[in-house]
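To keep things simple, chains are lettered A, B, C and D as they appear, and every chain counts its residues starting from 1.
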Amino acid sequence: MTQDLHTEKMVINMGPHHPSTHGVCRLILTLDGENVVECEPVIGYLHRSIEKICENRTYAQCIPLMDRFEYVTSMSCNWVFALATEKLTDLEIPERAEYLRVIMTELNRIASHLLCIGVTGLDLGALTPFLYTFRERELILDLFEMTCGQRLTYNYIRIGGVSQDIPDEFIPKCREFLDIFDEKVDDYEKVLTENPIWMARNKGIGVISKQQVYDFAISGPSARASGVDFDIRRDDPYSVYDRFDYTIPVFEGGDSYDRYRARVQEMRESAKIIGQALDQLPGGDIRAKVRAMFKPKAGEVYSRIENSRGEMGIYLLSDGGKKPVRVRARGASYNHLLIIPEIIKGLKIADLVAIFASLDVILPEIDR
Amino acid sequence: MNPAELTAYITSNFSGQLETVENDQAEPYFIVPLSDLVPFSKFIHDDPQLELNYLMNMAGVDTGEQFEVVLNPCSLVNMQRLFFKVVLDRGDPKFDTVSNLWAAANWYEREIWELYGFEITGHPNLKRFLLPDDWDDGFPLRKGWVGKNVIPLPEK
Amino acid sequence: MELYPIFGWLDGLLEKVGITGPTADLITLVALAAMVFGLLSLIALFLVWWERKISAHIQQRFGPMMAGWHGVLQTVADAVKLIQKEDIVPTLADRKVFFWAPVICFVSAFAAYIVIPFGEGLIVSDLNIGILYIIAITTFTVISLLMAGWGSNNKYALIGGMRSAAQAVSYEIPLVLSILGVVMVAGSMSMVDIVESQSGWGGFRWNIFFQPLGFVIYLIAATAEANRTPFDLPEAEQELVAGFNIEYSGMKFAMFFLAEFVNMFTVSAIATTVFLGGWNGPFLPSWIWFLGKTLAIVFLLMVFRWSFPRLRVDQLMEFAWKVLLPLAFLNILYVGVFAKWLNW
Amino acid sequence: MGIISKLPVFTENLPGGGLVTTSLNQILTMTQAKSLWYLLFGTACCAIELMATGASRYDFDRLGMIFRASPRQSDLMIVAGTVTYKMAPIVKRLYDQMAEPRYVLAMGGCAIGGGPFYYDSYSVLRGIDKIIPVDVYVPGCPPRPEALLQGCLEVGKKLRTQKLEDWSGPKNESR
């Protein structure tokens, strides 16, 4: 009886303006009913040509531009650019500056994870966790505002150290935040982790295998959720990370649920690192002597650090002049968006939204 | 393996001729001739000792006189990094794709093709995706390129 | 407080003016309809404000504060603003279907109040097939969602419309079966008889104590009927931008917006009448009991919305057919056996 | 305009018609100011500040502003972030799809005039007032949430001066 029903595939445009694409990414989906048959991302709507502008700026002027390269964790953008330039010079970074860098970047990692978990909840319909996570994020932004005066694009970590010392009420406030933070994370876990609907929406969705992690260069919590035990802070160590003891949470499932759990555990670990860094914070000055017209040695370097989304790297080519010849900023979301068409085949639009949020893809580091 | 052992291992085992560059960075640095790009990549990707299966970064470079493509693979298994470069000839810049070895190279190469204009033979889908579709103003990242809606920084 | 004396006075007034017979009945009916319509739009405006205040306090923020004391006039401001908005009809839209969708949604939302008893005698007309009438009318909103989805010639709206049709069809059956349990006990489908049957034990002999499973099934199916989270797939902002009402602006959107809240009130009004003993309750006047219980259920629905994530379409269907339906049959079996045995 | 736009014609010839329309106008624009629904349109860093303003501490909902995903139902478009040449036609189309009386708030340096990407960038549109009329500019990179809230109140003040007849009908056709 069942003669072949003539069903047409519907091409739909999850366009640049869409509530759940973080920023301006356009996904051209070919749908068969609700299932996604094929997905083709179109980017470039936020291509601000940061790399071309950096070629016409001095090294100190590149730092604020690097802030806008990945605006949710601007601290790590400053740091990776400063790290790249410091590798090309024989500057001696004071101890206190290294610790301040670690504290600020870990605080920024927590703020970025809070934003990611809040927006993942928002995308799956749970509107309340978004407000709770942003409440804690505001506390962290107060800490940043106290030190460098800005809430989002800090321009705090400079070549040779950090720009300002922390005010004296920073440490008590930071301690106070760390005390309340653990039980706040328990609140989020109570609302989301054991929620059966949350599990139903996230378990077994968008599974990334280990081989796919290697091929597509997936990094950060998304890679650690697929069983790849790799963290740049420990395996390719930079700065003073080897002086703290912290564990790297690794999960085997590889699906959206494990990526969410990897991020929640990582927040707890970062809080531990900040606590230890505050205990061991030495005195001394906060920045090495750097001439105004700073000129590094001629050479090429690729430096990378562990950003909240994954590996963030800067390829820097300098010919000894006061302006870099080539700056290539590599963001983690670049590869995370590349893998989405692979793992979305056959799933539904609702799953696409869940995967998109769980991979924590944001557009500035893709478009640059 | 520390960088020195790694360099020695690679130069001894790789058939093609390589040129190692002295630099004080933590990883070995090679310049690979254009024809040996894919064999060299296959060697470092599949060799059990090296297994550099994670392509961190691939960038096109225009240093004013020569075009280059810089690749940075690393291995998540035994935590090693490598830095190697291919120099393209100025007149007709072209190189073969490595996206069948590292799938991440797919978009890296597409971006190089779009912003630098290097021809990439064998790439699955070379389409414009960063610049607007009606872009006809050359290749922006090349040195000395001046676009029609670029306002130059006024010299003090 | 009987309703009829008011009409007695109105009829007397009409006599003096000299209008008798059918025209007088028409005028009284129109007056009654206007009164119910006024009361309900007032309740709907209050619900919109209440939802924003509850969601705000759940999320530790203030909610509307600027319009009037604690934002009380906020919904009035929204409504008046929506009237001023331009009424856009997309160029390639199916004009008639696009125009009639909000009208049907609005009318069907209000039509259910003919049989709902607000108090002792406060019922527009006590049909003897009251509950059957309500179930038939409330499914009209699904047709209007489908029309909105199709009429606005927008792919997202179409998906939203299809989802709402699939959702309503699959959640209608558990809803009806859970009400069937109560009808079996009450012995009649008229709403007043159902409430009378629960007036034992000094007004506390509610059906919820005897059929708790039926109440739970009803509540879940009702959230799905009213398109509330965790089942609000037709207008899931994150996936379908704004679901079926994506192309509607101005007054048409206001109709959809109010109809959604009136639906929520209808669904909770039926819950109170069928399971929580309508207007039964000691000392307080009957309509306060009714309003109190209904607003409690509405509060429950609102808390659902701000604490649960959203289900996927296939999980929604699976839950309805594989979990809710067998439970509904089990409930009827339980009611059938115990009703006979305990001869309620 | 909705049903209401026909009203000024009737009230003109009433005794004291002018007084009626102005006071009516006052009430209507006051309701508009009290419930500005903003279109969720964030492209870059300012979008994160827009979300932070929507969260508990600074809370848009206090001003009666809730976010609407579809341009049809929103009357304030907050352009938060950099608009590139590839994104410009989309911003224009979204503005056209919005129902009249609509307002635009340019948030952040990039939307006002290209911001840090003014010089040497080949793909950034220097200021969205080149494509759509802007009502209020909120400078900052990104502006503080308080600045954004003050900007929204400015839209409310500016809105009070609008006359009913200004919005007497759609000006361009692509709806």
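Note that a residue touches a chain if its C-beta (ideal position, glycine included) is under 8 Å from a C-beta of that chain, and two chains touch if they have at least 3 such contacts.
The structure displayed is predicted, hence computed values, not measured ones.
Of the two chain pairs examined here, A-B and B-D, it is A-B that is joined by more C-beta pairs in contact. Summarising the inter-chain layout, the chain whose CA centre lies farthest from the centre of subunit B is C. Distance from the subunit B centre to the subunit C centre is 63 Å, each centre being the mean of its Cα atoms.
If you average the Cα atoms of subunit A and of subunit B, the two centres end up 24 Å apart. Computed centre separation for the pair subunit A/subunit C is 45 angstrom, with centres defined by C-alpha atoms. Looking at subunit D, one finds that residues 55-57, 69, 84, 86, 119-123 touch two or more other chains. Annotation for subunit B: residues touching 2 or more other chains are 131-132, 140, 152-153. Subunit C has residues 59-61, 237, 241 in contact with two or more other chains. In summary, the structure contains touching chain pairs A-B, A-C, A-D, B-D, C-D.
Of all the residues in subunit D, the ones that touch subunit C in their complex are 1-5, 27-28, 30-32, 34-35, 55-57, 59, 61-64, 66, 68-70, 72-73, 75, 97, 99-101, 167, 169-170, 175.
Subunit C contributes residues 52, 56, 59-67, 71, 73-74, 76-78, 80-91, 237, 241-242, 245-251, 253 to its touches with subunit D in the complex.
By the touch rule above, subunit D contacts subunit A in their complex via residues 40-45, 47-49, 51-52, 55-57, 69, 81-82, 84, 86-87, 90, 94, 116-117, 119-124, 141-142, 144. Note for the complex: subunit D touches subunit B at residues 84-86, 118-123, 126. Of all residues in subunit A, only 15-17, 19, 23-24, 44-50, 52-53, 56, 64-65, 68, 71-72, 115, 119, 130-131, 134-135, 137-138, 141, 151-153, 364 touch subunit D in the complex they form.
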